[in-house]
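Input: one structure, supplied below.
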Amino acid sequence: MKFRNLIALVITAAFALIILQAFTITPAAGEITLNEFGKADINNRTAQLYLNKSVNTDNKKVIYQESKNLESGSANIVTSVVANYRSFDTLGEITVLFLAAAGIGVVLNLENSKKKKFAADDSSLILNTGIKLLFPLLLLAGTYIFVYGHLSPGGGFQGGAVIATAFLLKMLSDNKFEIKEISITLVESTAGISFVGLGLYGLVTRGSFLENFMATGTVGQLFSAGIIPLIYIAIAFKVGAELTNIVKNLIEA
Amino acid sequence: MIDLIYKIGHFLLITVFATALGLLFMGIARKIIARIQKRYGPPVYQPYLDVLKLFGKDAITHGFIFDFGAVMALGGVIATLFFIPLGSWQLYSMEGTVLLVIYLLAVASLGMAMGTVGSGNPQASIGISRALTQMLGYELPFLVILFSLIFRYQTSSIWGLMQAQAGSFLNWNLFAYPMMALVAFVVLIGMMGKKPFDAMIAPSEIGSGPVVESGGKYLGMLLLQKSITIIIELALYVNLFLGGADNIFSFSFKMLIVWILATMFGSLFPRFRIEDGVKFFWKWPLGIAILQALYIII
Amino acid sequence: MLTKYIFVPAAAAFAAYILNKKNKKAGATITALVSAYLLLSLALIYGSWELNQSFNLSLMGYQLEFLMALTPLSWLFAVLTSAISLLIAVFSIDSQADFKFSSVFNLNFLLVIGSIMGVLFARDFLTLFIFWELMTWTSFYLISSGKKKMAGRAAYRYLILSAAAAYSFLMAVIFIFQQTGSFAFEPAAEFLLNNSAPQSILLLLAISLPFWVKAGIFPLHVWVKDAHGNAPKEFSPFLSGMLLKVGFYGLIVVFHQLSFFKIIENTIAYRGLPLLSYLFALLGAVTIITGTILAIRQEDMKKLIAYSSISQMGYIIIGIAIATPLGFSGSMLHLMNHLIFKSTIFLALAAVIYRTGTTKMYEVGGLIFRMPLTFAAYLTAIIALAGIPPTNGFISKWVIYQALIEKGYLFLALAAFFGSIASFMYVFKPLSTVFLGQLKPQHQEIKEVPLLMKIPMLILIGVIVLFGVFPGIQMNIISQISGDLGIETVNYSLYSIQGAFGAWNSLYIFNVFAAGFVIALLVFGLAKKSKLVGLLDTYSSGEYVTDAESYHYAYQYYRPFDRLFDNLAAKSLTGFYETLTANLLKSGESFRRIFAAGRVQNYALYSVLLFVILAAVGWII
Amino acid sequence: MLNFLEEWSFFGGSILLIFIGLYGVLSRKNMIKILISLGLMDTGVNLLLVALGYVEAANAPIINSVNPSNAAAFVDPIPQALVLTSIVIGTAVLALGLALVMKIYDKYSTLNISEIRGLKW
Amino acid sequence: MVNLTLIIALPLLMAFTMPIFKMLNSKLPKFIALLTTAFNLIVLSSNFTEIMAAPLILELGGWQAPFAINLYVGPLALVAAFLINGSAFILSIYNLSQDYQFDDKFYLLFLMITAGASGMVMTGDLFNLFVFIEITSIAAYSLTTFAGGSSYEASFKYLIIGGVGSVFLLLGIGFTYSAVGSLNLAEIAASAGLINPLLLQITALLFLIGIGIEAELFPLNFWVPDIYTEAPTAVSGIMSGAVSAAGIYALARIFFTLFPAQQFFNYLLVIGVITLIMGELIAYQQENIKRMLAYSSLAQMGLIVTVISLGTEAAVKAGLFQLINHSILKVLLFISAGVLISAAGSKKIKDLAGLGTKKPTAAFGFTIAAMGILGVPFLNGFISKFMIISSSLNADQFLITFLILAAALIEIAYYLKVVQKLYFEDLEIEVKNTAVITVPVILLTLLIIGLGVYPQLIAEPLEKAAAEILNNSRYIMTVLGGI
């Protein structure tokens, strides 16, 4: 089937060229086009407002450890975008992962088929002891990532992923390690409910869904970003549980 | 009231005259055919004897429809006689008689058909189906001729058409439209079921077709009906193409000439198969008739 | 109140459906009562032509008004519909005893009557279209409730054809609606008049397409045979009697009210007749010829009569198309007469089918001895159909001939003559095979049809003879119609009509015929009494005849004649339509094979390909 | 100022990634390879999104001890937020795809996509 | 009145808690799904009058409209949301009588596909639209697999095409963001004029492909027949009734608000017509009844896109009315087809012969819906067909009208084949007992006849919706009103 691949190659090349062409447009006067690399202008765009945290209030200065009660309060601006300004996206994002997990659960419909164990009985000693050592450390690192999500790079998703890897390694190493299905679903549901609950609470008290109803404290403090840390904790648990669930299903299918 | 009685009397007179003349013509025809085949043939008055003998014998019937058919056939034919001007005798001057006559003939043939098929004999039914097919064959050219005549003289009554040919014999339709007269002559032979087109009563194939079951008075009535039809068709031909006649004798003389020609013509040709007959009618006569009609219209 | 003519049958339809579930006869009786009621109320409002009614509705931003009015033309058709449905309903009270779908039949039958009333009284295209669709749909269900598989296919083809035509109608009508802002006939007519000739001709042709289909004229007659052949035996008379006529109602509306003739006045003419209407007449002629040739070949009696309906429709279209006063009144006469004698034939055949259960002619024979009344009805009807003088069929054909000869249209006349003479043949075939000839052993104990089925046949025989002798009755309403449509009327008296070349006095002819018959009877009576002999005791020229079966000549009655047209009949028009749709849809198949071949990578490839193509297109422009 | 290589390494690189991924999806026979190239395409797009938001010589949009105030030049945070979401969507789709492949493998016992033509009609 | 975000938030909450409901009692998920969809309908109707007056902007997270995600619920969005939640409600009634293997996961996904579709319809933000499209697609991938058998293959194929589509969409979003700087539809529309025409064209095409897959346009819709045939009846119902409607809405929103250039509408016109003709022709060939319905709904989508891309107000109104009718009729068709299939035990049309007597409600439902689609007077299809023809004639597109009518003719052909088989052929197979669907059939038939006899009911919302979608400047004004 060489011929078919050739056509595919030609068409994808044409597609790539067209996309490339989009970057090489020389704008005529007054026209706006894609910015060159490194020249993304942020001023008088929404990004500028997010940086100055001045969407509702027209605040100019955000000083580390000093400016108080800003509208979003999280030092890590990406986190403020993810969990505060565009938290609806993140909620959508969580549901996508939740649906995927549910979908995989259905597809591999494990209830009736016998469960396969991945790890051999006598997996190598080094692996076992190493993972025994690493497991708690990974969990700790994960929790640090999502707890300090609003201060340092990282957040709910990344923390959850680290936790999931911890569990994955545990499952890889010894096959007696058994996570009961019920526990995963419980964690998932409670995390999901708490996230949506936070949003609904914001709706009830402040009038719009997912609105921040807690004080935002001073930038840089641990308790400084209103509901963002709570959202991130929920996200972390959810993502962690879901990824472990997905991995568990894939292993046992 | 008197005029009504006069009309009925006149009507009876004509029927008797027509049957007598018809039977005479049948006798003459037999004579001519015999002569052609080099034998003497029965005396000219033979048909009269046949009719009297037939009415004397007792016959068998196949139920109501068989009788009803025979009566309807004869009745229809007699009714058609009413509308044909024989020489000077014109009982009915109403317009539109030409088409009417064609259809009344159809009544007669339908009556006969119903009666014979009622008899249950398959040969009769085959005969009838052949007769109807052939009728379709010869009626078409004839109707085209009528179409052109009516259109030409702008009248559809036979009397009117006859008047149009008055004056010298030069403007008879025979000479005005010779081709049309020829086609009409061929159609006439077909209409009377003479030799080339007598597949419907072919004795060898289907035991003389429709008449197979009728004996005694039914055969007699069929003979009477046959004779009157001959007179009607000849009278029609004479009126349309030979300018009719002012008195009955010249009229019957003209009919005789046409009749003799037809029988002679007939006895020369072998019998057509049914569909060849129809094909023949639709090839030449219809073609010529259409050409003639186009000539007249344009 | 014209809408009552629509809502009364509709309401009764549902009542009939429910009641019929309980006892078989209830449905038909309700239909009979309703049509009797309609007939009565129509008779009462004769003459009040100003009766009209309109209600408007603003629908989704369009201002629509639905107009209904009574015109002489629609009055006549309405009377015919209700009369024929009354007779059929009375007939079907008993004949539906063994019919599985009888409740659905009555429901749809009443709905068809209601929608026909709607079509007739509509004065604007939208109501016409709505009721036309309803009529098509309900008659579709009626036809497909006939014989199992065949009826389904026939009804299916019928609906597709009428749906296609209805869509062309809708398109043209909406186009006019855009220009004139309303659906009513008058503004549309006046718009079409002063519009450019070719465009308005095209529009009117599109509007008249559904009427051509329903009237079963040559190129579009394919559905008639199967629809009639397979429809339930009670519905065939209505189908060929009335449904085909509604098509002509539409054509008359298009030709006269929408001033089709005025528009094509100035186009090139052939012998004084605009070429386009001459073309329609020619189509009629071809319909006659094809109808008759195919009718002669048929072995199934209902199909044979169906083809005869097609050929008789040819006469009507010729009459209408040549647009002379004689022509128009001739076609209207023929339309009414055809309705009468065609429904008698179908009722008679339905009686035969009711008793013998088969529609094939060679399976029955000699029924005259068992069912004399049905035979009498059938005989009078075929005499009328063949156009033999004392009956009404002859008069209408005679008037049409006068019209044709007056204008000198040779080919049309030729077709007309061929049609009428050949009608002797195909009319005689069922007579001889079904009623005359040998009575089959298994049909020995057949009884005559019950009383309720006899009454409609008797009434119809009476009507045939009545109109045969006194055509004047029909002529008053026809002259009213032609007056209303702006055509001069033909002068007539109670029993005579003035043709182009001479008047036709039916009473006189009837007397002469009677006289001739009496003389023949006298001759017959005088002779010796004849002895009654059984059917089998016939001269069989030497062959030994045992059973009636082989002794009945019925199969392929006109074989010699058919041989002439074997090749023509082989390539019938339906074949043409079948192949047309087949390879259109095969293209769909190949389309699918190329694209949707189940390979997901192709699908993804096509989406990128679309992007590249559209980008290229954009880049070029 | 960035020289040509630096400037085009990101845009060009991500478009190349997309190209390879797309070609992989369109041409590979093995279903798992298709899924991998799908993932490749996803990462290519995500890379492109982030690259579009890059500001030269600006640092990550986090206010911490290193750059305490928002006066400093920051990279555009929004594309990063979008990418965060679309990565997770990408993985979710991939995981589901993998599960489906395993199920199809059980049924058809082949990974070659052109043999799975059950749904031809 | 009640805040419209609940339409998305509440199903989300219910979905998350579904496993817990399952633990409490196994019958609960069915009723939860029913209650949520019913609640959604109540919330929608409570906001009806308010939205008819002026479109509603709901800021999520309390941030000023254009700078964060906001939901823009105009009359069009309201109508679409009604459609989506309505069909979900009807289908969840149908589901009461069905039982699935993992029913908690099924109803979870079912709720999420409805919430995703409503989200697609209500969102005013480009990336949020992408997220909701992904939610609907992933829910669809997993929902199809509930039918087992070859549904895995169908779902895998849809996943590949969906994946490619989402890449296109992401590229488009990236380009628009970097050119305009914001993700809010109104802000992009405001400065769309300034974008360099070549870039505009490329981005528009990216969106066309990305969303085209969801709106079932010609080269992108080959997943539709597989998914609708293999998926369980309720899923194909919700997909053809709700999700395709959301896809069409998204396409209309993008192309009417962001890229209103005539050139794209011509593309859409051509693609729509091809989809229409192709769909009808192939549908005629099918023996499998669900596949036939799939191709028919594909073709109807093509018809709607063609009519809407004519661009005049009357045309958009006709297209919307057809969209509403199509959703109602298709849901009814799928439900009755589902019952007929389970009764006959096979999806082949020829095996459905004679079921009319045995399964009266299902056969009746199928016939009413078929007659509705074919435009029988006094049913809703007739009026929308009338409006389509008059609007396309109005835009004097004679060829397009002719093609639409020809397609409608083919449609009559294959629907009638099935109706005839149901009623006028005798039964050969023994009939298995199936679910009782009288309630949904009655509800939908009332709706069909109601809309057919008295379409004024929804004339006003349609008018407003058509007006609203057409002029995007009003859209920009309402959202950016403040600044």
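Order of writing sets the labels: A, B, C, D and E. Residues in every chain begin at 1.
Heads up, the rule we're going with is that a residue touches a chain if its C-beta (ideal position, glycine included) is under 8 Å from a C-beta of that chain, and two chains touch if they have at least 3 such contacts.
None of these values were measured; they are calculated from a predicted model.
Common neighbours of chain C and chain E (chains touching each): A, D.
Least step count on the touch graph, chain C to chain D: 1.
Top-ranked chain pair, ordered by C-beta pairs in contact, is B-C. When chain centres are defined as mean Cα coordinates, B lies farthest from chain A.
As a whole-number value, the distance joining the C-alpha centres of chain A and chain D reads 15 Å.
Centre-to-centre, using mean CA coordinates, chain A is 30 Å away from chain E.
Our note on geometry: chain B versus chain C, Cα centroid distance of 37 Å, whole angstroms.
Note on chain placement: the centre of chain D and the centre of chain E lie 29 Å apart, centres being C-alpha means.
For chain D, the set of residues that touch two or more other chains comprises 18, 22, 25-27, 34, 52-53, 78, 82, 85, 89, 92-93, 96, 100, 103, 114, 118-119, 121.
Residues of chain E in contact with at least two other chains: 127, 131, 134, 138, 141-142, 145, 152, 156-157, 160, 164, 171, 178, 183, 198, 202, 225. In chain C, the residues touching two or more other chains are 592, 596, 600-601, 604-605, 608-609, 611, 615. Annotation, chain-chain contacts: A-C, A-D, A-E, B-C, C-D, C-E, D-E (touch as defined at the top). Chain E makes touch with chain C in their complex at residues 156-157, 160-161, 164-165, 168, 198, 201-202, 205-206, 208-209, 212-213, 218-220, 222-223, 225, 263, 267, 271, 278, 280-282, 284-285, 314, 317, 321, 371, 374-378, 382-383, 386-387, 389-390, 393-394, 401-402, 405, 408-410, 412-413, 416-417, 420, 423-426, 455-456, 459, 462-463.
Listing the residues of chain D that touch chain A in their complex gives 2, 6-8, 10-12, 15-16, 18-19, 22-23, 26-27, 51-56, 60-65, 68-71, 74-78, 80-82, 84-85, 87-89, 91-93, 95-96, 98-100, 102-103, 114.
On chain A, the positions that touch chain C within their shared complex are 4, 7-8, 11-12, 14-15, 18.
Only residues 1, 4-5, 8-9, 11-13, 15-16, 19-20, 23, 34-40, 42, 46-47, 50-53, 61-65, 75-78, 80-82, 86, 89-90, 92-93, 96-97, 99-100, 103-104, 107-108, 151-153, 155, 157, 219-220, 239, 246, 249-250, 253 of chain A touch chain D when the two sit together in their complex.
Residues of chain E touching chain D in their complex: 127, 130-131, 134, 138, 141-142, 145, 150, 152-157, 159-160, 162-164, 166-167, 170-171, 173-174, 177-178, 183, 225-226, 229-230, 286, 288, 291.
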